[in-house]
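Multiple structures follow.
Below, chain A partners chain B and then partners chain C, in two separate complexes.
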Partner chain A sequence: MRKMVKQMGFVFNVDLCFGCMACEIACRNENQTDSTVRWRKVSRLIDDTFLSVSCNHCNSPECFRVCPENAFTKRGDGIVHINSDLCTGCGLCIEACPYGAPQYDPVTQKASKCHMCYPRQDRGLPPACVESCSTEALTFVDLNTFCDKKMVGTIPGFPDTRLTNPSIAFYPAKERNRYFLK
Partner chain B sequence: MEIYRHACPRNCFSTCGMLSYIEDGKLMKVSGDAKHGYNQGRLCAKGYAYTQYVYNPYRLKHPIKQTPRGSGNWERISWEEAYDTIADKILELNKRYGSNLASGYNKFSGNIGLLHYAVEGMFNSIGPHTKPIGNPCLITGEQAMRKSFGQMNSMMPEKMAKMNAIVIWGANPAVTNVHQMKFILQARQKGAKLIVIDPVFTRTAATADIFIQINPGTDGWLALGAAKLLIQSESYDQEFVRNQTVNWEEFHQYVNEQVDLHEVCRQTGIALDVICELVSIYSMAEPCATWIGFGIQRNVNGGKNISAINTLAVLGCHSGQENRCVYYSHSGIDDFPVNLLNHEEPEHPIVLHSREIDINNFAENASKLVDPPLKLLWIALRNPLSQDQDFQAWESLMNELELIVTVDLFMTKSAEMSDIVLPAASHFEEMDLNVSYWHHWLSINEKAIPPYYEAKSDLQIARELMKKLNDRSPGFSNFPSEREPIDWIRMELTPSVKKLYSVECIDDLLEGPRLRTEEVSNSSSSSFKFRLFSQGNKGTSTHFINRRKTDVEESYPFQLLTPQSLLKIHSQYETMPWLNQAAEQEVVELSEYAAEKNGIMEGDKVELFNQNGKIAAIARISRFLPQKVILVKQAGKNPINRLIVHRPQENKEKSSMNFYDSSVNIRKWREKNG
Partner chain C sequence: MTSIVPDGTFIYDEGERPSKDQKGMDLVENTFFVPDYLHDLLVASEKGLKGICAELASLLSFPVIITDPLFNQLATEQVVNKVEINYIDNQYREITGDKPAVVNCQLTSDGVPTKGICSAIILDGRLRGYLFVQIDEVSDETIARIHSIIAYASSLCSLELRKKLELKQERQQFKEAFIYDLLYGNMKQKDEIISYGNIWGWDFTQSHTIIVFSLVDFDYYSEDQKRIDSMFFLIERVLIESNLKPIAMKKRGEIVVIYQIPGEEMDKNEYVIKEFIQRVMTQAEIMDMNTRIATGIGRESTNPEELYKSYQEAKVAYEVGLLLNIHTPFFNGLGLERILYKHDLQDVKEYYDHTLGKLEKYDQVHGGELMHTLEFYAANQYDLTKTAEALFLHRNTLRYRFKKVEEILDKKLDDMNVRLNITAAFKIRQLRKI
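Our next item is the complex of A and B:
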């Protein structure tokens, strides 16, 4: 795939997330998605940290590759977009995505997914999820230019990244002392 | 798209500034108000779900009447008919008993906007009646704070970001006050230590640098043990102790002679070296914030626990700002006249005062009333059949009542047992003025959309019902029905409020929320001397009361804790699909010990029971829960408060409800019982 001018991506700081789910519901508030459609999901990991994941606007998106209708496009800023006019609701992208990003919408009978709030970004606003994150655990940057040595490509509990090269980066959690009752 | 300014009115620390986006009179979405310095343009998950709250398929649209009560046989009636029926009953009761004492209300915190004191104002306006007093939530702690410090107000919570250490005792802001977390984590990112002390490994505990698990209700032991170590190592502020405390000699002698560290470790379940680690935080880190959660005072030792924690915090606080380093609650409302709440009753020729009933024991006490008995009950901003306790007493009270009216947005458990249910407006459909019991901001709440179907605000209902009564019986009520919401708001902005919040008129608040001026040095507090923990009655071997032995050892070995869940507040928000994704089943969390002892596996259907009854739930086994603790989160449909056992207070002081003093047992669900 050609090199994007930009590659907008999410940065998730595990240490600052306490699983409040504001990002998930802010996404629904902004996009007024159906109750069964979760473009963003917050989940609890085995070590009692949290993970907030949506579409990762991958460098090699599987959805893009498997879609028989060529409904997916990748914009110049790296956002992977689905053209719902072309989607037939076949569900191949839903099966192919390692992150569960495309969601079947029972109302429209098509797949839909996070578009990184590009209408907001086009107006200079951050995605709704990023705006809602009170501790700035979830931010977004241009991964083509942003670089930080402390940042890592994946964390335990995140799906294998080798297939699609997702546009997400992480800051891992710091160590903690926990004294439980015997 | 039009944009309006709001304040979220839920019973929550944050009282967030909020914006609504309106198109053709419809709420399209919401956002946080960036001009509000506390929530800073963000909302919580519940806040972001407000479009589903306003346009919820379960929302009540019209006044409805049920005959007979509890049958589910509802019919739509007009507001006119509802007002007529209620006014008829009030007037008839007045004639029958010669006063309005047979009419009363039960109201609490469903919406904490100032204009929702219209319920109190409405009843005050008809003269002596029956009213609840007290506060089930936080008053034990409030009284303990006032006793220690002489006042209630703490520093702006935003200042937690500047602390070098933050010690949270029994609060879980990651669930109940999410906007505080950013200030806490800002401090932590700059190197501050976050310490959480809690029986439950909460989301906040998971975020902490140091989590100290403690046996429930034993916080006072830990605080006194830590204070003893602090004094032994002479790492307390001796000058402060000399000049600004009372009863130092008594306290010093007491911890020396009577606080046994082995006993502290045994009671709290915490190892001595961990207590030493806590002491090192209190003696080194400066400034250090202590935050005492409401959970600490939901037990019989609540007040003493808080007094002990205050003492530890103050001894360890070297900043000279003795009372400013402990956070509990901020009584922002004290700045205001709260005209509706304090609306003056007209005099009655014979009955001098309204009848007051402790809200924590409302049903039982109300059932006992005679001359006259309570006959009409108005329930607003509350769902007692889910959030109160002693439902049997409620049942017998309801049997005696001739008319029950509930005002709500949804068909709650309490509404289901009412004769008439009136649809309430959401905060997008009414004007209001809001302060917080945590941060120091003042917000106005604008009316952004027309009422949902026939919904009305509590104030509008008061205006119309009181007018109806006066039409029937001139002079029956002295409620100023002609007064508009904006007039009531204007009356709250007294000269001193305007000065405190730097506002000149309502328009200033429409521009954005205003921050209360921080008092640099309050003369009354600087002359006040801190009251160190006091043992109380001499001669008792220990001042902390243990749980009843019979409960612990015999029938009900587990202590029941019933905290809030992330996506609800009490019984509110249950019908929002965005917030309730999984098929909702009541979940009970139990320890591996409890599971093993009772042969319970993860996912089993179980029953939780005690002398009050039982509830069914799905078992979730937690590896982090103390052995003898069972945890069920607050919810409305299958209320866990059914199992809360109320024990009458020994002293007559007002106190919070001791929600965490109940004992239960657990076993696998038995079909034949079900």
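Our next item is the complex of A and C:
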């Protein structure tokens, strides 16, 4: 029997992301998803910062709760995984997720979502999105053990975390200093 | 002249401080004497807390009690009557240091107050228990005489507790992995769950329900982590006292309990669960935590492979309970809220505006209290008399107000469907959707 319970989660540093979309492209390349399927999405927030979001592998996943086929499982490392053999493509999970993580795949006619590249992780590699991030704005850690006082649970522009407890942490944008030449 | 004080320190006269070589010679020439009683205590510690307790009691000829931080007795020796701990000097709860001090305390032996002395058992800077010695007459001289031996015994207790803790943590990790798989439906075979459960003596052929205890506004970086540990310990103890084998795990800011349902009668089961939660809350009150603990209870499940549903329900009950200020929220007891809490935000906002928007605007413009009055009316099951009493208003004043409300909303308040819509709209507001 497995011994440790982990909660792998993404850590996103707002100040370091400049919206290059490398994470989004790497995700699509790694998982060979359809062009309409975006497991990871980079969006511009109102304060001209960027936010890169995929499935947050929540502590209380709504997708998991609403699925009538019980197709979702949460692995021992905290990754929420969808069993596509059980998925009927009903779309309930797509509606229920506040982060828009599950995506309807028109090719398979089923829902699919980020699995945090667990096949890569099993080989000791980081998820493709994390590896592709040149500024290290996106990292991943075990949130059960990792702690940093500068980290926060949510930032403006991120959906309400109260219900699902997403496994994501943020380094919020710092107030930028302005320097003038004398 | 050199002398050795009881703690083994060398004391040198002035000008007599030895060189490094001389110091080495002293160590070789002097015999270090370890008293027999210390050796006996050390040997007795092999038998655990009970051994230490028995040896210390026979050494001092006084009753000795070892307790956990909540004063639950772990080992006693030479205690004739039932002893309760009433009061400890110096507020030991605040202790953070590693060295246990010995202070006075007040005990009750069979209802009669007696005095004693106490030493905290501290492990890794955290209070893990107390060691009490019941002595009728406590003078400073008595304390001075036995201070050292009690401090020594308390250190032995802390070592003993460390051993237990490490063993428990090791076992707990396997347990946690199993409970985690149960909570997230990762184990699909009933027989597999039952056989794994048997390893720890858990009977999954019986019905179970999930109870979630959570620390409101949990802050990972504060003392809350320690509070969750204490809470977990407390819940396990209450379960053991209820003759149940504890099936519980910690998850960041929450503790999840898989509670075995005693029978098939639903009302009786609810009563038993409420009683269990009340006992936990009473214990938590001692630690000043009860105001920050909220709970949620899922539906009972006869199939262990479906316990994950009960867990999700418990968390919904917890969230809704917090919003609606329900002390012990059962998922079964939630009504319309079960649907509303997760409904699309824009949709419910539009519904609320459609139902009560006009009235809200009227109140804002005219500074009236029609919304407030209507809310009370809905809360009192649309009973005019009850509402009048609750608002300290005359029935006719209310009638006048409701006539006005009917005019503004262009709806009749005695229509059952209108009432249902209004109640739902107020529930949406209560759920902080608006």
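As a convention for this text, the second predicted complex is superposed on the first by the 172 of 182 C-alpha atoms of A that agree within 3 Å, B and C clash if a C-alpha of one lies under 4 Å from a C-alpha of the other, contacts with A are read in each partner's own complex, and residues count from 1 in each chain.
Keep in mind that, in the parts below, a contact is a pair of C-beta atoms (placed from the backbone, for glycine too) under 8 Å apart; a residue touches a chain by one contact, two chains touch by 3 or more.
In this text the structure is predicted, and so the values were computed from the model without any measurement.
Asks: With everything superposed onto chain A, say whether chain B and chain C fit together or clash.
Replies: They fit side by side.
Asks: What is the contact status of A:123 with respect to chain B (first) and chain C (second): first, second, both, or neither?
Replies: A:123 sits against neither chain B nor chain C.
Asks: Just chain B (first), just chain C (second), both, or neither: which does A:62 touch?
Replies: Once the two structures are laid over each other on A, A:62 reaches chain C alone.
Asks: From the CA centre of chain A, what is the angle out to the CA centres of chain B and chain C, nearest 10°?
Replies: 150
Asks: Is it chain B or chain C that touches the larger share of residues in chain A?
Replies: Partner touching more chain A residues in the overlay: B.
Asks: Pick one for A:74: touches chain B only (first), chain C only (second), both, or neither.
Replies: It touches chain C, and chain B stays clear.
Asks: Of the two partner chains, chain B (first) and chain C (second), which one does A:163 touch, if any: first, second, both, or neither?
Replies: Touch partner of A:163: chain C, not chain B.
Asks: Touch test for A:96: chain B only (first), chain C only (second), both, or neither?
Replies: second
Asks: Is A:147 touching anything from chain B or chain C once the two structures are fitted on A? First, second, both or neither.
Replies: So A:147 only meets chain C here.
Asks: Determine, under the contact definition given at the top, whether A:131 touches first (chain B), second (chain C), both, or neither.
Replies: first
Asks: Now for A:5: first (chain B), second (chain C), both, or neither, which partner does it touch?
Replies: second
Asks: Looking at the superposed set of three chains, what is the minimum CA distance between chain B and chain C in Å?
Replies: Chain B and chain C, overlaid via chain A, are at closest 24 Å apart by C-alpha.
Asks: So chain A touches chain B in one structure and chain C in the other; where do those two contact lists coincide?
Replies: none
Asks: Could you pull out which chain B residues touch chain A in their complex?
Replies: Touching chain A from chain B are residues 28-32, 39-51, 174-175, 178-179, 181-182, 185, 189, 201, 203-215, 269-271, 274, 566-567, 577-579, 581, 624, 626-627.
Asks: Residues of chain A touching chain B in their complex?
Replies: It comes out as residues 16, 18-22, 24-26, 28-30, 32, 35, 38, 48-49, 131-136, 174, 176-182.
Asks: Any idea which chain C residues touch chain A in the complex?
Replies: 173-174, 176-178, 180-181, 184-186, 196, 220-221, 251-252, 308, 312, 315, 319, 341-342, 344
Asks: Under the definition above, what is the set of chain A residues touching chain C in their complex?
Replies: 1-5, 7, 59-60, 62, 64-65, 70, 73-76, 95-96, 144, 147, 149, 162-163
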